[in-house]
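First chain A sits with chain B, and in the next complex the same chain sits with chain C.
Up next, the complex of A and B:
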């Protein structure tokens, strides 16, 4: 019973992800592209939930679906004056784009094939607990450095935006 | 596994109730209300003024700071979740760690404030 529900949910999320990813590429408005990307990211969060990784799913929604999409939409709104025309699907760069896409596809398939998918046996219900234990003891310094990196990003962005204003 | 499924099921039930509720409210108001659209009614509402130009204008770059501030504070918030789990066990050490982490970001926030980046103009 439980397995069946997970199977159905997996195929539902997969269809959602692949469908919106396709729409993201096909859709000709930059704004809708970003919204379809949001659906892809939310679908990925659903897959994480199915894998018993709730914290990862929450992070996916907070950071990727929330913050990243907002950032992307802002960039689109900031540059919309320059890209008023709707994006074409076929243009002079189609051939180059096709080659890059095909090589990326083969690269991912190749690395998928090379990876040995080991099945992890053991406790999966305390993943956040384990993560927290490592983060605040063994990896305390990288944790603090992460804060410093965020600070640098913040100050850098303010400086750049202010210079642009003047 | 069974308990996990129950949790997921609860989330599904709540999402279902949410979707049904919103569909019901919007559907009912669509059903009951009368609609007589005209050109004036369908134009963009702008505090009673007649709207000028398109709604798709180029935003000023300074609004990007708000998006970026949101991203950075969002990531800061993410770190608070694992911290809350170990806080009771690790006590003062965890508190100092988080104080440094948040303190550094508060410096950034104060910088943004002092530079007037938080002004909505």
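Up next, the complex of A and C:
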């Protein structure tokens, strides 16, 4: 029974993700593109929940759906004058974009096939604690480097946005 | 898992909806009464005892009113926006523990869920501002987005101290760990930052810049009328209640209180009454502030969040860490 509910939920979320990803590309208003991106991100959060990764799902909603999409919409609203005319789907970059997309698809399929997926059986209820332990012991260095990269990006953005002083 | 689970969730969903509708009816009445008495008038008096069913009468009026669609508005965005604002407010009730065992789902990460879900409603506000095709609505939507994003950060950081003390993000565990001492005594700074950031998150005076009527008519819901407007109002009051309820869960001991009989069948009813009384006191405090203080300016609002609350919240986390280390040293 549980399997059945799980599968129905999985297919519902997958259809939602693929459908809105398609709409995101096809839709010709930038505002709608951003909104469909939000639906894609929320659907992915749903898949995370199905995989028992609640923390990841909450972070997905917090960071991507909450902050990132709002920031995108914010930019679109502030620069509304520039995007008055509708976006075109096909233009001079279509061919290059197509090649990049196809090679990315094959690359990810390839790496998915090559990776041997270990199936972990056992205690998974304390995912948050496990994650914290790994982040601050075994993977402390990559974690710090990632924070440093984010900090550099932050300072760079502020530097670019700052007004020139007289 | 079987279908009785889905059935139970359905019952819980309808239950939350009825609870939100009832509490909004009462809160709107309470707000008008508080406003009236603060300004030396009576407030609503005509319909029912001291105007108690005035909101019900207003509701009937709002439902029967024409729902106007502006000529150049984006039909889909305009129609969907109120629901995108309301649904996250509604979903956040899932993790509020009203009394022992009276909670829909006790998530492992309940607190994080509660903080994450409302960020979707910002998108609804932006949709309303953009979809109305009105410059005041657009400006209101922009302001709201900026404000909610800014205050989300100190709000999330202010509860880290509580999570450190309780050692869990489950709302039930947080309440249970306050059985001897309420966290407001250990985390006064966290409480202050959380409460004021919540005021800003729910767009109430002194932080109601997104709908500042002297500058923006009514902000993002300028063009809305009838039932769609009332959905916006309903989500505002639903958010006020949820924000105050979580404040009670985090800092004021949740359902704990004195005079609660042990093991009796009515003991959880007494706990529920404690929880509701504490929440109502906080809501009254919010209303009191609303009718007393003037509105902030946009730059003051942003300064307060980024230059005052964010450093204070970080200091609070450091102090809590030192406190826990000290306590461990002392008692081991």
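Just so we're on the same page, the second predicted complex is superposed on the first by the 132 of 166 C-alpha atoms of A that agree within 3 Å, B and C clash if a C-alpha of one lies under 4 Å from a C-alpha of the other, contacts with A are read in each partner's own complex, and residues count from 1 in each chain.
The definition used in the following text is that a contact is a pair of C-beta atoms (placed from the backbone, for glycine too) under 8 Å apart; a residue touches a chain by one contact, two chains touch by 3 or more.
Predicted, not measured: the structure shown is a model, and the values here were computed from it.
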Query raised in the report: Of the two partner chains, chain B (first) and chain C (second), which one does A:143 touch, if any: first, second, both, or neither?
Result: first
**Report entry** Which superposed partner A:5 touches (first chain B, second chain C, both, neither)
**Finding:** both
Query raised in the report: For A:55, is the partner it touches chain B (first), chain C (second), both, or none of the two (neither)?
Result: both
Report task. Considering only the touch criterion stated at the top, classify A:105 as touching first (chain B), second (chain C), both, or neither. Result -> neither
Query raised in the report: Touching A:158 in the superposition: chain B (first), chain C (second), both, neither?
Result: first
**Report entry** Most chain A residues touched (candidates chain B, chain C)
**Finding:** B
Query raised in the report: Thinking of the overlay built on chain A, is A:22 touched by chain B (first), by chain C (second), by both, or by neither?
Result: neither
Query - Partner chain(s) touched by A:35 [first = chain B, second = chain C, both, neither] - result: second
Query raised in the report: Of the two partner chains, chain B (first) and chain C (second), which one does A:77 touch, if any: first, second, both, or neither?
Result: both
Query raised in the report: Touch check for A:67: first (chain B), second (chain C), both, or neither?
Result: both
Requested in this report: Could you tell me which stretches of chain A are touched by chain B in one complex and by chain C in the other?
Outcome: 2, 5, 55, 58-59, 62, 66-67, 70-71, 74, 77-78, 80, 125, 128
Requested in this report: Write out the stretch or stretches of chain B touching chain A in their complex.
Outcome: 1-2, 4-5, 8, 56-65, 67-72, 74-79, 81-83, 85-86, 90, 93-94, 97, 100-102, 104-105, 107-109, 111-112, 115, 117
Query raised in the report: What does chain A use to touch chain C in their complex?
Result: 1-2, 5, 31, 35, 38, 42, 54-55, 58-59, 61-62, 65-67, 69-71, 73-74, 77-78, 80, 125-128
**Report entry** chain A-facing residues of chain C, complex
**Finding:** 1-3, 6, 77, 107-109, 112-113, 115-117, 119-120, 122-123, 126-127, 129-130, 138, 141-142, 145-146, 148-149, 152, 156, 169
Report task. Name, in rising order, each residue of chain A that touches chain B in their complex. Result -> 2, 5-6, 9, 49, 52, 55, 58-59, 62-63, 66-68, 70-71, 74-75, 77-82, 84, 125, 128-129, 131-133, 135-137, 140, 143-144, 146-148, 150-151, 153-155, 157-158, 161-162, 164-165
